[in-house]
Every structure is written in C-alpha cells, then in structure tokens.
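Before anything else, here's the structure in question.
Naming follows writing order (A, B and C), and every chain is counted from residue 1.
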Amino acid sequence: MDVLAVLNLSDIAVYFSKLTMFPLFDLAYYIVSILYLKYEPGAVDVSRRNPIASWLCAMLYCFASYIMADVLLGESPLHYFNNTSHVLLASAVWYLIFYCPLNLFYKCVTFMPVKLALTAMKEVVRVRKISVGVIHAHHAYHHGWIIMALVGWAKGAGVALISNFEQLIRGVWKPETNEFLNMSFPTKASLLGAVIFTLQQARWLPISKNNVVFLFTIFMIVTKVFMTATHSHWSPFAPIEAFICPIVFRNTCVTSDDHDRVYSRDNTHSCSPCNLSPYTAKTKEELNEGTRKKKCKKTE
Amino acid sequence: MDVLAVLNLSDIAVYFSKLTMFPLFDLAYYIVSILYLKYEPGAVDVSRRNPIASWLCAMLYCFASYIMADVLLGESPLHYFNNTSHVLLASAVWYLIFYCPLNLFYKCVTFMPVKLALTAMKEVVRVRKISVGVIHAHHAYHHGWIIMALVGWAKGAGVALISNFEQLIRGVWKPETNEFLNMSFPTKASLLGAVIFTLQQARWLPISKNNVVFLFTIFMIVTKVFMTATHSHWSPFAPIEAFICPIVFRNTCVTSDDHDRVYSRDNTHSCSPCNLSPYTAKTKEELNEGTRKKKCKKTE
Amino acid sequence: MDVLAVLNLSDIAVYFSKLTMFPLFDLAYYIVSILYLKYEPGAVDVSRRNPIASWLCAMLYCFASYIMADVLLGESPLHYFNNTSHVLLASAVWYLIFYCPLNLFYKCVTFMPVKLALTAMKEVVRVRKISVGVIHAHHAYHHGWIIMALVGWAKGAGVALISNFEQLIRGVWKPETNEFLNMSFPTKASLLGAVIFTLQQARWLPISKNNVVFLFTIFMIVTKVFMTATHSHWSPFAPIEAFICPIVFRNTCVTSDDHDRVYSRDNTHSCSPCNLSPYTAKTKEELNEGTRKKKCKKTE
C-alpha cells in the first residue's frame, strides 16, 4: 500500500467513498440507461403506442440491478420502489428522453462531452452498486462467498442479465442469444468487480475496501469513456481470455466472420457467438453507439 | 359526501364491505376465470392429454393475483395455497368445466343470465382484491405509493399480466404480444382502481375507503356486465385516452385496420396494437365471448 | 407393519435414514445430473464457447430443486449456495465432465456398471430430497397439504420442471413442449412420492416416515436402474394411467405414431404428446441414454 500512501490515494478513496449518489450520479445513471433503451430497435415505437410498457422497460433499465439483487436474496423485488423520489426522477428522465418536444433533452444528453461525463458518472454508480451488493449479501450470508459474487454481479450488470425478459415486455423475443452467451464488457467487468470485492470482503486481498472500490472505479471510467468516445469494440479482457481460455476450457474460438457464416448456415443449431474471442461481435452497448443510433434518429 | 349521505350510500357501502367473499363470490370468480381458460384455443385439447398442465393453468387463472402479489411483496408464491378449501373448490370447478359428462356444468354456467350474474360477482371479488392488495402493500411499505399501486394492479389484473408464461405451460408461445402491449379493459380498470385506492390510502382523496370501493365496484359491474351481455368492444376509457394520449405521449394511434395491415406486412418488426386507440382490436376477454366460444363448442 | 417387522425392514429403514448424503451420494447426484446436461444437444458446444453459461446450466442441473423449493417457500433462491463446499464439488464435477483431458472422467462414469451404481445413488438423494422438501414445507405451513406436495415435487423433479428456462441460458427455446406437457418417469414418480410423503406427514397413512422413504427409495432404484440398464421406455405407471385416465379425464390417448403424424402435419397447433399414453414418446432422460449419447460422442 506504499505506492498508494505516497500518492495520497487513500485519502482520496475515503473522500470518494463518502460521495452521495443521489440525486446527481443517480440522475446520470438513469439518463445513460434510458438512452440505451431508446437505442433498442422498436423502443421508440413502443413508447408511442404503449407508454405503460415503455415505462416498465425504463424502470427495468434503471432498477433491474436492485430488483435482481432483492430477488436473489429473497426480498421483495419492489423493495427499492419504496424510494418514491428515485422512481419519480427516473420516470421524469424517461418522459424527457422519449417525449420531450423537439427531442431537445435527447439532443442535449447525447452531445458527446455531456454523454462522456454522464457515462463516467454512471460507472461510479455501477461500481458502488457492486460493492454495496456484495456487502448486502455478506450481511445475509456471512460465509456465502459464491452468493456475494453472484449478487454483486447482478447489481453491476443490471438489466443485461435479464434482457430476454425486458425485451419480451416490448414484444421482442430473441431466444438464440442472451447476455450469458454473448457477454458485453460491462457484464464481464461487473463479474470481475464482484469477485474482487468478494475476495476483499473475505480479507483475502491486502487492500482496504475504499481503495479497491476507488481503483476499480477509475478502471471502469477510463475503459468505458474510451469505448464510448471512440465507438471502440476493444475489450481489455480480450488478451487475457485469448491466453487462458484455450488452455482451461479447451475452446476453439471462431472469429466473428466464422461465426456469422456458421450461424447463417444453420440458425436452429444452438451455435452462439464466442464470448471469449478477441474478435467477438459488437456487444449490445457498443452496437447502440453506432448502428442503432442512426435507426433511432430515423424513427424520430 | 352530501350526495352520498342523501342517498344513504355510506350505509350500503359499509354493509357491502362486510360481505364475505368465500364461498359464493369466490366460486363465481373461479367459474368465470376457468371459463376464460376453456375459451383459449387448445385448452380443451391440453385438458384431455395433460390434466396436470391443465390443472396448473386453471390454478393460475384462479390464483395468479395472489401469487403475483405475494411474489411482489417477497412472500412465498404458494402462500395462498395454504387455504386448502379454496384450492379444492377451484379444482372442483376446473374438473366440472372440463370433464363434466355431457358438458352439463359448462352449459349451465354459460347460460346468459347465469353468466351475467357470475360476471357481476367476479367483479365484486376483483375490486375487493385490488383494495386488499393496496392495504397489504401499505402494511409492508407505509410510504411506498408506487408499490401499493403495482401490487393492487397485480391483484386486479391477475393472470393477464403473466399470460405469456401461463400459455407456455400449455405449449403456446406468443412473444409478439402481451398484456402490457395490448391492455384489455379489466387490466386498465384494475390499474385505475389501484391508483384510486392508493390515493385514498394516502388520504389524498376526500372519500372513505368503503365508499370508494363500493362506487368502483358498481362501475366495474355495470361496464363488464354490459360488455359481456352485448359482446361489445367499447371501452369507457377510449374517449379519455383518445384525448389525452396524443398530447401527453405524442402517439399517433393507428386504427385496427391499419394495424392489421402493418402487422401482416412485417410481423418481425415489434409493431404492436395500440392500446390507446378507441378502435383497438378485440381484447382477450372480449374475443372469448365471440369467436373462441364457437371454437370451443366445436372441440367439445 | 407385520410383514416389515418380520423382514426386520424397520431397522434397516432407520439405519438408512441416518445415512449422510454428503459427499458420496451428492457426488453421484452431481455426476449423473451433469452427464444429462452433456447429453443435451449443443451443450458441449456451449461449454467450449461460453464456460459461464455452461457452468450456470450445470448449477441448475445440480441445485434447481433447492432453488425452486426456496423460491416456492419465499426464501432466497441462492440459499443453498451458502454451502460453498457443495457448489465447489459440483463445479469440479462440471469441469471434469466437460474439460477433462482425453475425456477420461466422462468415459469412467459412463462405464455401465459405474453408471448404474451412480444412478442408484442419485435416486437415494432424490427420494431424500422429496422427503426433506415435504417436511420443510410442513414447518412453514402446518396444514398446507397442497404446498407440501408441490414443494416435494419441485425437490424431486428438479431442473426438469424449469427446463425451458435452463435451455434458454444455452440459447435453445422449445416453447411447444415442457415437462408438464410431456412428463418423464422421474417427474411423475416425484409427484407420486411427494403426495405419498404428504399423506404420511398428515398421518393419513399407517406407516412410519422411515419405512415409507425406504420403500419408495427401493422402488425408484429398481425402476431407474432397470430403465438405464435396458435403455427401456417402459413406465410402471403406464398401465394405471391407461386404466384411470380415460375414465376420469375423458382422454383419448394417441399412440406416439399418431402423435408424430399429427405433429408433423401442423406443429403450430398446440398438440402435445400425451403424457398418459403407455406408448408415449421417449422421455428426455431416456432419450439421453440412446440417441443423444451418440451425438455427444460425435461432438467430442
């Protein structure tokens, strides 16, 4: 911890851990989350025709992490909805993003510098959620290390893990893929974060909670802001996966070209994109940045 | 409340609130619910080949509202099944409707005057359930207004909200639509009722609980009996929706003809029927009254 | 109980009831369960490309019965994952079955005498789980006989009841069938066992708990070992069903030939295989024994 001491990082980490998330950071989280909902094909259409279905999806995008963590720990899935002000704030964001006259709000928040700031703030909330999820599970199961990691993962990955069912509300059903078969960077990073925080909680890592949360937040912000700014598909996990997976899991990764070929030849065969390939197809959030954005504008 | 006082409605409302639901009103609820199951295409076939799947669906039709409310409040989904006599009564109704020799029971309960009486009684139970659901949620979350409305809604709308999964038990899968995308009158009315009862619970409405429950029950009975008697598709909410929705949600409702055209042209596009249109396609329960009834008789 | 007394079965039953399941019997349960996962078409492919999805499916195959029972009783679905050693043991079995060099572990455990022994041990665990499930539900709901039977059933049938959702993780979606529409022998037997144990718990059967568990275990071992050894599709319930069902449920069972014909003609019609027919199509587990085994070897 000497390096951290020299850099005075510990003090910053303590200060950072006292930062309150509501309303500013949570607002950023809601805005970026509901933006991703708007990028989904057909979402604008659903918002016009079925506001209630659209609102339900928006709530899942904002609060699925709480819902899932509560379900996994045997509590009420609606527990977080007791925070009426949070739900009203998220509902206001949903309304502004989908129905604001002249699409003004959408144009403001997708202006690149604003969006990068919001993305950075969202990652702060995400890492905080993972950390809180692990501690929440630790309170319920003192030695349930696997439970802690799974709850932390659910808190970080949020709606992605139940995207099949979120899509179902909008009348979309894509059973041939899901987040487990084609993990996006945030989902993988959340899993990594949940495992690290669980190890820290178990006192198997010689680092304080504040420091590990702070460092992981920095990592997430840098990576996500870089990916958002460059519309990049590069994943920092790709080289590690490319090295480890063929040895440990005997997997013979196909490139995304190979995959497309295989998939188009026989799409009933449960051949799913390799989530371990460095050449993996664009992830959901990455796709949102590019192609779907255009579609969305077209629909407006 | 002066008008109510003059009409002596308060006394009637108090008397009405003391009415016990079991067994008479619950029996009517089970009969009408399982009738709607029998109207579903393929349901009779499933009952012949897979009695257990059919029984499970019947239990969902009768008790989904309790199951959902318990799940939403973090309790055991089977909690209500502790009332063995209720489950046995519902099972007896299921058996009589599907397997009674000469289809006698079915013929009796679908005789129009009987059916109208049963429908009226079902609405009494439905409104009581919404009211109890809101109070149940209020006990768990004193200021969780959104939770109260959602639990009340789930109690009123019942199996409709999870119809995709109920159908799945019978081997039917229609992901392109669901109750959120194409809300039937009872689902909309349940949402309205849940919101009204929540406002009353929050003391934002200057009316007593007994009175509001009584008046809403009258509204539901009149509307549903009228709809059942005339096989009508008219919804009392249509004019209000047609006025409010274009302003608030910028929606450009399509008529059902337009919708059919759009839908047949491209059914992979998540274009769902407008739940706000006054010309909306027949709802599930309304369809049951007409077309499906014939199919059912044919199958018999 | 005189016959049992003469045969000294009561003592054996008491001794048997004291047998601990962990780690030996549980190990056998995990091995046989994950073998069935490997027999599923596409499962080996998923294990190569998406180890996390494969691991999740393996955990469902091993622990779905606990997850479902906990969900049905309103507890945390991850409750059982508090037993870290059990989860690690199951994970080790998953790794060895899917990734062991030269497929050595798989070849060992599918060697017929070994497999028969493991199958017998799995049935011991299954019956014990049903019994514990009924008692668990009895503690929560003293007179909830239906809840006891349902929880016991979920504990015995395990992943089969939620196979649609387990397949979904692997990107496979077969909505036209499920375990309720096409019940396999273990699912039917689990239901029977759960009902018997519930009747015993309610003191409606003049037999002690140890004896009834012991006798039912013997029945399950003999039947399943016979079915596994002979790759047989014969079900001991078939004659009883063929006698009772036409009378009670007015069902006109089709033979599997008829069914195939009907099904191929129109697979959108929710015509599902008769789960009551003595000539019913091969069940999932039985299919695994034969056809899928070959496929699996081919994929290796």
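Definition applied: a contact is a pair of C-beta atoms (placed from the backbone, for glycine too) under 8 Å apart; a residue touches a chain by one contact, two chains touch by 3 or more.
Given the structure is predicted, the values throughout are model-derived calculations rather than measurements.
Although chain B and chain C carry the same sequence, what matters here is overlap: shared residue numbers make up under half of all numbers found at their interface. Its C-alpha atoms fitted onto chain C, chain A is found rotated by 120°, rounded in steps of 5. In whole angstrom, the spacing between the mean C-alpha positions of chain B and chain C is 36. With touch defined as above, residues shared between interfaces to two or more other chains in chain C number as follows: 74. Listing the residues of chain A that touch chain B in their complex gives 41-42, 45-53, 56, 70, 74-79, 81-82, 84, 87, 99, 168-173. By the touch rule above, chain C contacts chain B in their complex via residues 71-74, 140-141, 143-147, 150-151, 164, 175-178, 180-183, 191, 245, 248-253, 269-276.
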